[in-house]
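Chains: A, B, C and D, in written order; residue numbering restarts at 1 for each.
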Amino acid sequence: MIPLSTLPAWTAFAAALVPLLTAAGCALPLTRGSAVRLAPLAAVPALAAAVAVPDGSIAVPWLASGIEVGLDGTGRAFLSLVAVVWTAAGLYAAGSPIVDRARFFGLFSLAMAGNLALCCTTDPVGFYIFFAMMALSTYGLVVHGGGEAKRRAGRVYIAFVVAGEALLISGLFVIGAAALGVGADSILGPISTALLLVAFGIKMGTVGLHGWLPIAHPVAPTPASAVLSGVMLKAGTLGLIRFLPGGQAETIPFGTIVIAFGLASAFYGAAVGVFQTVPKTVLAYSSVSQLGLITVAIGTGLAVPDLWPAAVTAATVYAVHHGLAKAALFLGTDLAARSTRRTPVLVALSLPALALAGLPLASGAVAKIVLKEATGSAPGAWSAALEALLPIAAVGTTLLMARFLYLVAMGPKADRKSVPGPLAVGAVALLLIGVGATLWIWPAGEVRYAAEKSLQAKYLWAAFWPIGSGIAIASAVWAARATTSRFAGVIPSADVYAPVFAWAHGRLEERERRVATPLPTPATPILAPERPAAAEPAPSEPSLLARAGLLESALLNWPTAISALCVLAVLLLLLAA
Amino acid sequence: MTQADLYTVAGGVLFTIGLYGLITRPHLLYKVLALNVASGGVFMVFVGVARRVPGPAPDPLPHAMVLTGIVVTVSSTAYALALAKRIFTETGMATLDSADTMEGGEDAAE
Amino acid sequence: MPLSEWVGAQLPALVILVPLTAAPVAFLGVRLGRPVALVSALMSQPLAIALALEVAREGVLRYEIGGWGAPLGIDFVVDGLAATMILVTSVIGLLITVYASGYFTDQDRYRFFWPLWLFLWASLHALFLSGDAFNLYVCLELVSMSAVALVALTARREALVAAMRYMLAAILGSLFYLLGVALLYAAFGSLDMATLRGAIRPDVTGQAAFALMTVGLLLKTALFPLHFWLPPAHANAPSPVSAALSALVVKGSFYILIRLWIDVGSPSVAPGTAHLLGVLGSVAIVWGSIQALRQERLKMLVAYSTVAQIGYLFLLFPLVRAGGVAAADAWTGGVFHAVSHALAKSAMFLAAGTVLARLGHDRIEGVGGLSRRAPLTAMAFGLAGVTMMGLPPSGGFVAKWQMISASVLSGEWWWAVVIVAGGLLAAGYVFRVIGRFLGREEAGDREADTGRSPRTMEWTALALALGALVLGVAGQPLLDLIPIGAPALVAGIGVTP
Amino acid sequence: MSWHTLALLVAACTPFLTAVAVFLLGEHRGTLRTATGLAGAAATAAAAVACAGSALISAPGEYAEVGFGLLEIGFVLRSDPLGVVFAVVAGCLWLVTTVYATGYMSRSSDRARFFGFFSICVGSAIGLALSANLLTFFVFYETLTLATYPLVVHSGTPAALKGGRTYLNYALPAGAALAVGVIWLHMIAGPVEFVAGGSLPSSLVQTHAGSLTAIFALLMLGLGVKAALFPLHGWLPAAMVAPAPVSALLHAVAVVKAGVFGIARVVLEVYGPLGRDLGLIPLLAAVAAFTIIFGSVRALAQDDFKKRLAYSTVSQLSYIVLGVAIGGPLAAAAAIAHLAHHAAMKITMFFTAGAVAEEVKVYRISELDGLGRRMPLTMGAFSLAAIGIVGVPPIAGFATKWLLGMGSIEAGQAWVVAVLGLSSVLNAAYFFPIIGRAWFRGPKSEWASEHGTKRVEGDLRMVAPLVLTALVGLAMGVLAGAALSPASWAQMVAFLEFGG
């Protein structure tokens, strides 16, 4: 009998795990058809739970190594975002010509379950379980459809995932042990913090750790890219919020480093992104840039422990905003490419694009205000620096978005057969509504306050001028396109990682080729038909055993033997005397 | 040196001579005879030992043992000779170290 | 007197008399040998078991033949050691008899096997019971003569030459022993072991007597480098004979050696000799194993294995020197080794005999895949090999445990090194054969196989091997029996550092 | 006789009796032989579980015992909580493996010999699990050594014989070292029983420090070969010439775990705190840590399917050794739990290797492309087990890693966390490509052209066991915190060991 008080937590958790059913359904031949049809809607129960289930969590000691499930404010925000984006992506996928649908929706559901459930767990083990489930099943989504390019991208993706998981679990060990009351007060605490920052930094594409992002996004099927960029990256954010020892003095040394990395990501993403030639790659770099801003918020909270709650709110709000907008953009990319009439799509897409840059009335403006509130109290010179730099980042975002829309508009003509159906259009529409409305109906006080604030003239101007400048610069670049177009693509999509990846791919593929063409003496196939053994070379000189044999025949010789007997007799007589 | 000691020492010498013959003579007949010489030596030692008790009468026990020993030696000599003869008929030689004694095998009992 | 009581009182005589009576009867008719031997073998079992139980219950038994008593009469002394040896001889004897009844199908040709074998058996029992140095000589001669005759049984020339070699060596050994007996009598005026035990004192003649007797016995036990006669004799004899020779006959002379040195004399008064014997034993272990590794014939391999395994027995001498627990461990371990080796080695020779009977040869390279065609035989060989290697669960392991214990306790760890190395070398030659058994059949091997291996042959070998194995886990009763009436030196009295 | 001792007797004796019956039934009475084997395995598994029940309800010091005298020490079996873990694992997986082997060997020769020795191996493993003292343990340990040989060389090919020789070259000297160590220890300390928390009196440290150190080295040498500790691991890949059921149950579970189980017994229940006092444990931990990494790196280089698995086993076994050597209840619990966890996962993988070899004659990883579509259940089970070994939650391997990681912090040995992290990455590096090939590449090997890519699993007798063990591995992880799960049981044992 489950006590009534635990019901909410259970409900939320169970709702989050509903996609596991569709995943299983896709695996079993009998249920495959219906599971594929139901998979897009598998996140709906979770969304309902996010809306309806009250806060509260319970420990479940028997599950895995003992986990804790339930919802709190942050979890609820992330769960809502995740559920909406997955539903949109699912609907879009349902309306897209995807090959091998059973497998796609199976993996899709599995990743969805992981992503939803990690929002509903509040302890390290539970989070790690679902984090891994999400990240690993996504590999299948990235390489879905097969081919050399996808395999390479998948390889990069999985390498980063594995490294991240290893670092993450190492950091979580310390937290787990601390829960048991051991090891927390030592040097392990800061080490654990550092490990978590790096591990989640990989997931969030922080500059330097971002190598997989612009590789994996373009090759994945569009719905997968949408969830990848829209919500899976945010799992990193949620992880940071959950497991960093926020609000404690020990985090202060990390603060400035994190802020620095955040800012670097924000600018680097924009700077590299504008040189890209594939729309989805541009979006990937935009994600690097945008998540850099979230990182800045987290860093501020670390630097000023008192600001941690505010930083959490900022990160959460920004995550929701970016998640919706970026997912819309990804889906829109494909929608535009498949539409015979591209202009309406482009117009629709400029909403989330501009929202990212901070367009008033849209989610971006609200998010940026919350962010600014948090960073306004950053320590020392940081406050002023951020005040100056954040708008410039918005300029960068605008440029990126302009580049993106340009690439979408210039994309190859659509094929008539692949015209998107109502499901696909509806999915994008759902997200657009989200971009427009979510932050306005957000229940938390601060957000409502910021939303109203964004309508004040000061903030309107602050929101507008970077967008305006960005558009102006973009127009100038476009006008001078005879010159500037030469720069398109000068930075490879993997930027600084390009030579590393090329080398690693080369090594691995070379080895594969070597293995695939068996050498004259292949590894012994076990229990396979054997070849006749080579004749042993004749020994050139008598072996030790043969020498022993010669000696033995001397010993066996009668005179020798009896003489030995006599010697022995004399010896024994002497010893006796 | 008493008479008894003389017997004893002579017995030892005989034993050694027998031993020498056993080593140096390859022919089986010689070997068997050499062993007989050696056992004669041993018996002489026994005879000498019988004198160890004080008084005119020797200890009877070693004599009894010598008798037993002679019986044993006679029978074993007979047996050894029979065996040597058989070897001669089979191999045409009467030596031990014929080339193939270490090889070959027991024939399967049929 | 009720029969059972009479039998109980006459047990020591009966264990000798049964085979001794059966032997001439078996001699009488061609068809008589087998049934008489089987009856005698079966009758020996309850007697030997009863004797062992009696000793286990009552302690050392003395039996005066004809009621004369020492010094005039002849006494039998049955202590734990003697009872153990008789028990083992009886059990192995029975199984060899059963095996032989399947092996010797040509009744005429092998008609003398049965009486000779029964004589051998009777003399072995007599040897184990004798408490008198001269008596032992007589028994030793009886054993040797029957053994030589058995070796020559096939009348093939290799066998004849081997038998001759064996005979000359045996007679020479007996002469050395007899010479020693003479000097022993000269020194102490008695040949009764029990009397000697009290009379022994440092004396040049006495020491010389010991030395000469020892040389003779070493020759008969085939301790390296006096093993020259053993491999040809054991390998060329018919397999049941090989089994009896390797398992029992060499133990006879060894038995006298330990009686002489540990019961009557004491290795502690002649440390040099004790060490020399230990060293020769060690060399035997290594040398015998190495030779076994290079043999091409299965029976030669097994024979050389005997040369090696005999070496272990001689480690007893240095190890009991210190007295105390170490000596007690060494004593039980050494005897236990003799017992388990007897079981395992007879199993090996019998298994080899089956191979020979099936294939007509015993070349190791020709036995490929035999485990498929004669699984019981392969299994018997393998299980016996476990004891040879001294691995658990086997009697060999328990024995080695005791001996290594003794060497650790006495601080002379180098003997332990030898014991361990010997086990590994044994593994080398055992697995050489087992690998072949389990391996592929070479072309023609299957055709050469006559398939002739009666169940009596396969099962007896397996039973012996299993016996050696069972000793490894359930050997405690025997471990308790062996020390009964043990000499003071090895009775476990005294403190060991 | 109470049911406690009865269960103990049945668990230890049934495999040997089964072996005898199987040998006697011989090659030709196949059906009866199979039935006997299954019945024996089922009885053994049930009895092992009953032993576990017995251990659970008995107070420490009052566990069921049965035995007789031998060498003043005794040949004694006992169902204590640590022992029954291994006994249950070996017993239950034997039942599964018997089913699998019936399918795998259905066209093979010498089946009586195979199943007979197989039973002896399992009996030895269960026997040594339930041994109450070092002598009994050693007897079973060596029986296991010997009984494995005929299985390694089962096919009788020169390659198999060579593998068998390599196996012996390692195993026999190890046995000798172990023997000397055990005897020496008995000389110093008298009969050595296994007692939670260590049985050697602490006063021995003053009097026999040198000897105890040497003995420990000898024991580790002897046990380390089966545990495949570097540099004693070389036999394991060579022994992969054995048929798949042997590799699966013996070279992933019974034989190799006998080594690590022995190390656990010696470190936890013989030396106890003495090991730390003598400074022996850190060295063991270092060797284990190195082996973890070394095994993984070597696994990366293997293209032969079974050899890659073998090197993975080398690496994984040292998790157990490391857990024991870290010293601390959580780490020890991780070690004990991993006995079961690794068993379920690795046996699945070897089953897969065997099933794949039988079904499509594929022995190399580079030929596995696209096999997931051909044999989805088989490869699915494999994938589950593989990601479990890598340490991906919520499969069993993660439960081990979690306990081990926290245990190492608890014991103040946080460096182990780095080893775990690196090892996880390497594990992923050699297992993920297999999964990737099977599921995310198109078929290119010969089997595809010969048989097409139609979905055909192998013999049901092979598929069902491997799916079952994969699910067991999953369940062990998902329910790790539940009562009576291996991880919970292991924690109970560990707290007994450390007096928690």
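Details
Convention: contacts are C-beta pairs under 8 Å (C-beta built on N, C-alpha and C of every residue); 3 or more make two chains touch, one makes a residue touch a chain.
Source: prediction; values computed, not measured.
C-beta contact counts were set side by side for A-B and A-C; A-C has more.
Ranked by how close its mean Cα position lies to the mean of all protein Cα atoms, the top chain is D. In terms of their C-alpha centroids, the spacing between subunit A and subunit B amounts to 98 Å. One simple way to say how far apart two chains are is to compare their mean CA positions; for subunit B and subunit D this gives 65 Å.
Once the centre of each chain is set as its mean CA position, subunit A and subunit C turn out to be 77 Å apart. Centre-to-centre spacing of subunit B and subunit C amounts to 25 Å, using the average Cα coordinate of each chain. Contact with two or more other chains is made by residues 157-158 of subunit D. Among the residues of subunit C, those touching two or more other chains are numbered 165, 172, 231-232. Looking at subunit A, residues 556-558, 562 sit in touch with two or more other chains. Contacts between chains, counted with the stated touch criterion, involve the pairs A-B, A-C, A-D, B-C, C-D.
Across the complex, subunit A meets subunit C through its residues 545-546, 548-549, 552, 555-558, 560-562, 564-565, 568-569, 571-573, 575-577.
For subunit B in complex with subunit C, the touching residues are 8, 15, 18-19, 22, 28, 31-32, 35, 38-39, 41-42, 45-46, 48-49, 52-53, 61-62, 65, 68-69, 72, 75-76, 79-80, 83-84, 86-87, 90-91, 96, 98, 100-110.
Remark: subunit C residues 165, 172, 176, 204, 207-208, 210-212, 214-215, 218-219, 225-229, 231-232, 270, 272-273, 276, 287, 290-291, 293-294 touch subunit A in the complex. The touching residues of subunit D, when paired with subunit C in their complex, are 23, 26, 68-71, 75, 109-110, 112-113, 138-143, 145-146, 149-150, 153-154, 156-158, 161, 164-165, 168, 172-173, 175-176, 179-180, 183-184, 186-187. Of all residues in subunit A, those touching subunit B in their complex are 553, 556-559, 562-563, 566.
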